[in-house]
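The next part holds the structures, each set out as structure tokens.
One chain, chain A, appears in both complexes that follow, with chain B as partner in the first and chain C in the second.
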Partner chain A sequence: MKKYITFLPLTIVLISIQCSSEMDDTDNLVIDETITTEIVSDSNSTDNNNNSNSSSSDSDSNSFNHKEMLTNWVDNIIIPSITNFDNSLEIFEESATTFVNAPTTETLSNLKEAWLSSFLKWQHVEMFDIGLSEEIFYKNRINLYPTNVEKIENNISDQNYDLDEPVNFSAQGLNGIDYLLFGIGENENEIISKFSDENLNYGKYLTDLVDKMVSLTSEIKLSWSDEYKSSFISSTDNTASSSINKVVNDFIYYFEKGYRANKIGIPAGVFSDKPLPNRVEAYYGKNYSKILALEATDAVNYFFNGNHSNDTESKGLSIKDYLDYLEADKEEKLSEKINSQLEKIKTKVSELNTNFSEQVNQENLKMLIAYDVIQANVVFLKVDMLQVLNISVDYVDADGD
Partner chain B sequence: MRKTVVDYINNKKTHSSTLAFFRVTFGALMFLSVIRFWSKGWINSLYVEPTFHFKYFGFSWVQDFGIYTYLVFVICLVSSLFVTIGYKYRISIICFFLAFTYVELIDKTTYLNHYYLTSCLSFIMCFLPAANYFSIDNLISGQKHEHIPAWTVDTVKFFICIVYFYAGIAKINSDWLIEAQPLSIWLKSKYDLPIIGETLLQQKSIHYLASWFGMLYDVFIPFFLIYYRTRYIAFFFVIVFHVLTKVFFPAIGMFPYIMIFSAVIFFDSKLHILLLEKIKMVLNKTLTFFRIKISNTSKTVYKPIIIKKIIPFILVTFLLIQIVFPFRYFLYPGELFWNEQGYRFSWRVMLIEKRGETTFKVKDSITNNFFYVKNDDFLTPFQIKQMSFQPDFILEYAHYLGEHFKKQGHKNIQIFADSFVALNGRPSQRFIDPNIDLLSKKESFYNKNWILPLNDVIKGL
Partner chain C sequence: MKIKNLMIVGTATIFFSCTETETITEIVEVEKIVTETVTVTETETVTKNIYILPEEYSFTRNGLQTVYYTGQTARLKMATELKGHMNDNSKTKDQLDTMFNSGTGFTDSTLDSSGKKVGNKTASSPVASATVKPLFDGWIEDFTSNVAPAVSAGTTASSGVAGSYTDTKDDGTTGRTVKVNAKGFELNQIFSKGLIGAFQVDQIVNNYLSFSKLDGAREDNDNGVYGYKNDQAENYITKMEHYWDEGFGYLYGLDSQFKPGLGDAATGKDTANLNYYLNKVNSKEEPGISQKIYDAFIAGRAAIVAKDYDERDKQAGIVSAEISKVIGYKAESYLRDGAEDITNGMWADAHHALSEGYGFILGLQFTKNSEGNPYMTNEEVNSMLDRLSAGDGGFWERTPEELTTMADEIAQATGL
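Let's turn to the complex of A and B:
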């Protein structure tokens, strides 16, 4: 009889162990935070700022160093990109002040230059929709388009607006400023004269928009505190809430929505009855949609391959290395397919008109071809890559068997 | 032969405690499962929130009740509790079976083998005298039967054997045994497990070992559970195996526990008596109610009264269907794992790693104007995921989109799928013929010839 009884406690013990390990999934974030304090000191030693050869040296070892990959992402890509954007905004803010105080052709042209510089830097930031960025809808506040002209004009004439209200997200950011700098008059003189008339309040609104971008960005920059950074880096698990899964999901989401759909697909009319040429990024500036899209193509390429933001010749561990590790026994490497597709994308986008809006109006077929080339890489990233990495799409929560 | 069968059905008996123990554990696990499901917010996200549900062929009449879908879960919850304690058992288990199965039929996106297992087990239990012992019903009626016909317990055992055995032979294929796929992909991604994650689980040899062990376990465990000499060691393996699956695949949910507790039914009824006595002791300490003695213990064997001949007939038919149904895929050409014609309801558990990306082109056949649909306008992320690699989902959704855009005033609508799927570590390839207007195809049991063939061969069952 006695041996019968032994089974029940055994079963119960095993099950209770399991139940607790299942709960780990949901409790991950909390646990991470408690671990954080212990790891802070550790993070300095694992800094890999100059590990340009790490990818080759690691590929033959038995396991992949996930923490090193996260460290590379944070130290060499994410934080430098945010810092670069933040620095460019400082110059942008100065130029804006100069311009508002004395609107001339020269100060306007300086301001436009600073605006473009920030816009280009932004392309390296948008895909990292994590942490505070996600919470405060950072990307929607910096780069939501089409911008709502009516809303902007109403805000300016009423002088009663709260830029933190979601209804005003489409009336601010880089595209809101695009309208202010390029769209409020028929020509440059008209625009300058509107800014010169202080009663019209264009200058004030411009200053408010720039200030808002500056304050939001410094908040984001501050959110990457040492503490947050080390908790982020130590979250190497393969769960829905872990850093790797979140960043990979954000990366794919960005490639699919922010890049493919917003920049090319929507203006080309892929999702609508007719093409929508007024939906391009920086629509009023006219000549910037292509240069911005090309910069974003580079940003995608750099992140996938682990190139450092401030020194793109240097590389650290990346998704590419991770894929190569997992596909060590395969002849045809997925990472090569993705990279060669990225090259094709760059070629096709380069062939487009500097103004996508004009491209849509003149020969939309070329836009559609560019879209198809991008879509092929969406399949590689979403289907092939997620299969190899065995990362699930993060917002799906249900049992499987 | 006929004589032995009749003799077996009429005279072979077993102790009532076996089925009673099975009832208590099954009911309790179901109760916990429903609570777990509820607490994770899945009733809302899977049944209430979606505007569109994917229907099983022939079951499009099964609708969700909006917010009142919660009531169906309340029925599941209450009935599973009643099953556990054996209160109004027969009506409770019938309610549970109907309510649970109804929920499953609302949306096939949520199809899981262990939900199907639950439906099947509760269906069988509708016909079994599982509350003849250790139940509130006993206390109320004041009598219980010591024994029940052996076929009642044997039906459950036989069914569990089918589940294991079929899950096992489904693994006899070249992907599983020769390529160690999909376990290679799955185990490598468990690098976050302590100690073994970065070491053992990264080894190809371990992937092979796990694949072969999994196959052999599933095929042979029913026999080792039936044979009394190997039963203990077999049950030890049952625990090890299912706990391991839970460690490696936390998303597998309650399945391991259902299988572990179900396997206890293979033991001798002495164990069940003992275990029930233990439960009774615990209850006696807390609840005085259970101290009431049942005075009138009937020494006779319980016999189903009204439809006694029909019940064995129904159960035998059910088991025969279970034996034949998983092989229906022989009727379809092409690779089963790819086209999934005859994949579900066949105990193919944790067998394939499949992902897809499927978008739909809505075209005006006269003007040739077209646009692509944003799937997230219509489906939940979970539905998008499941739809993207299953042909019947793709077809049903295409028709739904057709109706939707027709109502919006679009004319001469054609719908084409731009679909890419990857299976068991193979590169993605085109899945659906992009030149076929899906609105011209109707769902049926006929072969779906608009699925493009897999560019590879998987050998085996």
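Let's turn to the complex of A and C:
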């Protein structure tokens, strides 16, 4: 084998010499041109991680405008989604204060509504686990489940807790509040009466959890300063730490873990010996797991296709456009496969019970079939798409040998 | 890396140009044609140099063997044991479930400490349907809660009734006895044959030899970064090498590393799994297939060492397509056997054959033909299995004509 490696360059030299010696100047010129074109078109091949996706030629009307795509992501998707979530939390905070001050059926119902509204908005934020979000484990603080009921109850009874401690990540956020609003009593009256007794401290804990989400989210919102934004947008090359590379990786990671595994796979028992119906998102609220999953499906669809968060009819440059640019001469476009698979996912998820927990208990097969259609898109995104984009996966699965 | 690419591109381009020169100048100068011939000969020499292949699947680095697949061997032993236990009335659901999903409780106690499991590798590749693994758990449940109690109570099986059933031969002697569920499923056969496809073939074809798995380790392989050490102190095996070896181990884990076919009785050999059936195909339907697969494993592994990834993928394609044939041939032939057994009134034989067929048909979705597609999709497989087991009596209700039609459809799908 060694022989081959050393022999190859030798042969090339040999050939080059022979050829050039036989050719006149005109032929040489032709060759040079051919080589140049070859190198350019070769740069999108999969075997190096240092390709021409960089935007040195942004001004060139023929090349893909990476900066414009990044700008679309930040200005029209990421920041508006965070802002929407942030705004919804303000309303949530008000409803929580009103409820804690006067726990009634009505104030509770308003609070639940506000909670759901925030939960839905959150589905558009979770996938952007970059910058400060990644540093402070933002997604684990907002949407970690299953929530740790024992921890919550202990925190409430001991009145000695620091929500910034990692041990308490599973005792806060939207799922922690899910338990407080739906799970601390057998029925609504019981729940209201627990909140009504100030000595029990449920109201205080609820307020603390909401306040924590508010403060974390405003930190995240502030972290998208003009300075950070402009450095993010100008990071157009393709290295492991560049913006496109990181966001695409986060997007796929989210699709594989946050979406596929957490919402569907884990409850359906794909990663365990048996189904785990108590692992669904918003478990105690019972009727929200499907609506949240459907919202997340839309969020994935919107980001992939570049739809603006506040006006989904409008679109800007997206991964889809980038793929189509790189596959300009392909008849069967990967982006179409991904989009048609997203449609199938939406159909299959829509067919599930509003409460995934019940779906798992009654007819888990349907959950598994939904998982299959999602998994098929994981393969498209993680294998086929990354190959076309020439991006390496920055997270690894455990290899059991 | 980039430089290497550039050179290859450069070579190719010059070649074309050379050929062009040839066409243009052919009429004028004879000398040039002679030079061309020399160039072509040089290239052929290069091509041949790549494939000085070892005759055995044996690769070393600094004198140390780099091939090992103890995890696969352990799992194949577990699968073999499970086949036996799935026919043992005294086994409880908990016991079988622990063996399958937790990898403990085996007769061979060394398996317990291996840390390996069969369950988490069953239909677990990125392309496998999540609906398959629960079937295996369901068969454990069915055997322990329906079949075993009926057999223990001495129930004779009949259409819609679980129990045991014994054939009576024409000469009045007793033939085969099977323990079956209400539909005539001999569950240890379905389970074991099912694993050949959903566990072994899926792991080899759709996981370890897949482009995404192997190419994910490309950078390390290019740079000589080692990720595995077997029993040595320091890593000395690249991830890509080891992935390929694990694929190899899923076929040969119970047999010899150094030759194709089954191992020797003295050192142990596969008696129930993929290599056992490959050996059957090798001696009947397709002589030479075992050697072909073994050689492709060698060539692909050598290509990984030589960093020749196109060649690696070509050999992976050969291994995958050839291994898939085992599932294809057996799915078809057991249905034909079943049809014949029913014609002869030998129901125990028929249930046995159809159960094997059922397991192999399940496996059709994990195959990859020479174009890289499975013989049948998950949906197509499910619809055929539904037909095979239709009615409360399942296999008891099948006619030889129905089975022959299904066998023909499988032959159509596999092209074998």
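As a working rule, the second predicted complex is superposed on the first by the 333 of 401 C-alpha atoms of A that agree within 3 Å, B and C clash if a C-alpha of one lies under 4 Å from a C-alpha of the other, contacts with A are read in each partner's own complex, and residues count from 1 in each chain.
Operating definition for what follows: a contact is a pair of C-beta atoms (placed from the backbone, for glycine too) under 8 Å apart; a residue touches a chain by one contact, two chains touch by 3 or more.
As the structure is a computational prediction, the values presented were derived from the model and not from experiment.
Student: Thinking of the overlay built on chain A, is A:393 touched by chain B (first), by chain C (second), by both, or by neither?
Tutor: In the superposition, A:393 touches chain B and chain C alike.
Student: Based on the superposed arrangement, let me know which partner A:332 touches: chain B (first), chain C (second), both, or neither?
Tutor: first
Student: Once chain A of both complexes is superposed, is A:365 in touch with chain B (first), chain C (second), both, or neither?
Tutor: It touches chain C, and chain B stays clear.
Student: Output check: A:63 vs chain B and chain C. Expected answer is one of first, second, both, neither. What do you get?
Tutor: After superposition on chain A, A:63 lies in contact with chain B alone.
Student: Once chain A of both complexes is superposed, is A:378 in touch with chain B (first), chain C (second), both, or neither?
Tutor: Touch partners of A:378: chain B and chain C.
Student: State whether A:268 touches chain B only (first), chain C only (second), both chains, or neither.
Tutor: A:268 contacts chain C only, not chain B.
Student: Of the two partner chains, chain B (first) and chain C (second), which one does A:237 touch, if any: first, second, both, or neither?
Tutor: A:237: touches chain B, not chain C.
Student: Where on chain A do the contacts from chain B and from chain C line up?
Tutor: Residues common to the chain A contacts of chain C and of chain B are 1, 3-5, 7-8, 11, 14-15, 18, 22, 265, 269-270, 273, 375, 378-379, 382-383, 393, 396, 399-401, listed in rising order.
Student: Which positions of chain C touch chain A when the two form their complex?
Tutor: Against chain A, chain C makes touches at 1-2, 5-7, 9-18, 20-21, 32, 35, 38-39, 42-43, 45-46, 49-50, 52, 69, 71-72, 97, 101-102, 116, 119-121, 126-127, 129-131, 133-134, 137, 211-212, 215-216, 218-219, 228, 239, 242, 246, 302, 305-306, 309, 378.
Student: Quick check on the complex: what are the chain B residues that touch chain A?
Tutor: 40, 42, 45-46, 110, 112-114, 185-186, 188-192, 198-199, 202, 204, 232, 235, 239, 243, 246-247, 249-257, 260-261, 264, 267, 270-271, 274-275, 278, 349-350, 353, 355-357, 369, 371-374, 381-382, 385, 418, 420-422, 425, 427-428
Student: Given the complex with chain B, which residues does chain A contribute to the contact?
Tutor: Against chain B, the touching part of chain A is residues 1, 3-5, 7-8, 10-11, 14-15, 17-18, 21-22, 25, 62-64, 66, 236-239, 242, 265, 269-273, 326, 329, 332, 334, 337, 375, 378-380, 382-384, 386-391, 393, 395-401.
Student: Would you tell me which residues of chain A are touching chain C in their complex?
Tutor: On the chain A side, the touching residues are 1, 3-5, 7-9, 11-12, 14-16, 18-19, 22-23, 27, 30-31, 34-35, 38-39, 42, 45-50, 265, 268-270, 273-274, 364-365, 368-369, 371-372, 375-376, 378-379, 382-383, 392-393, 396, 399-401.
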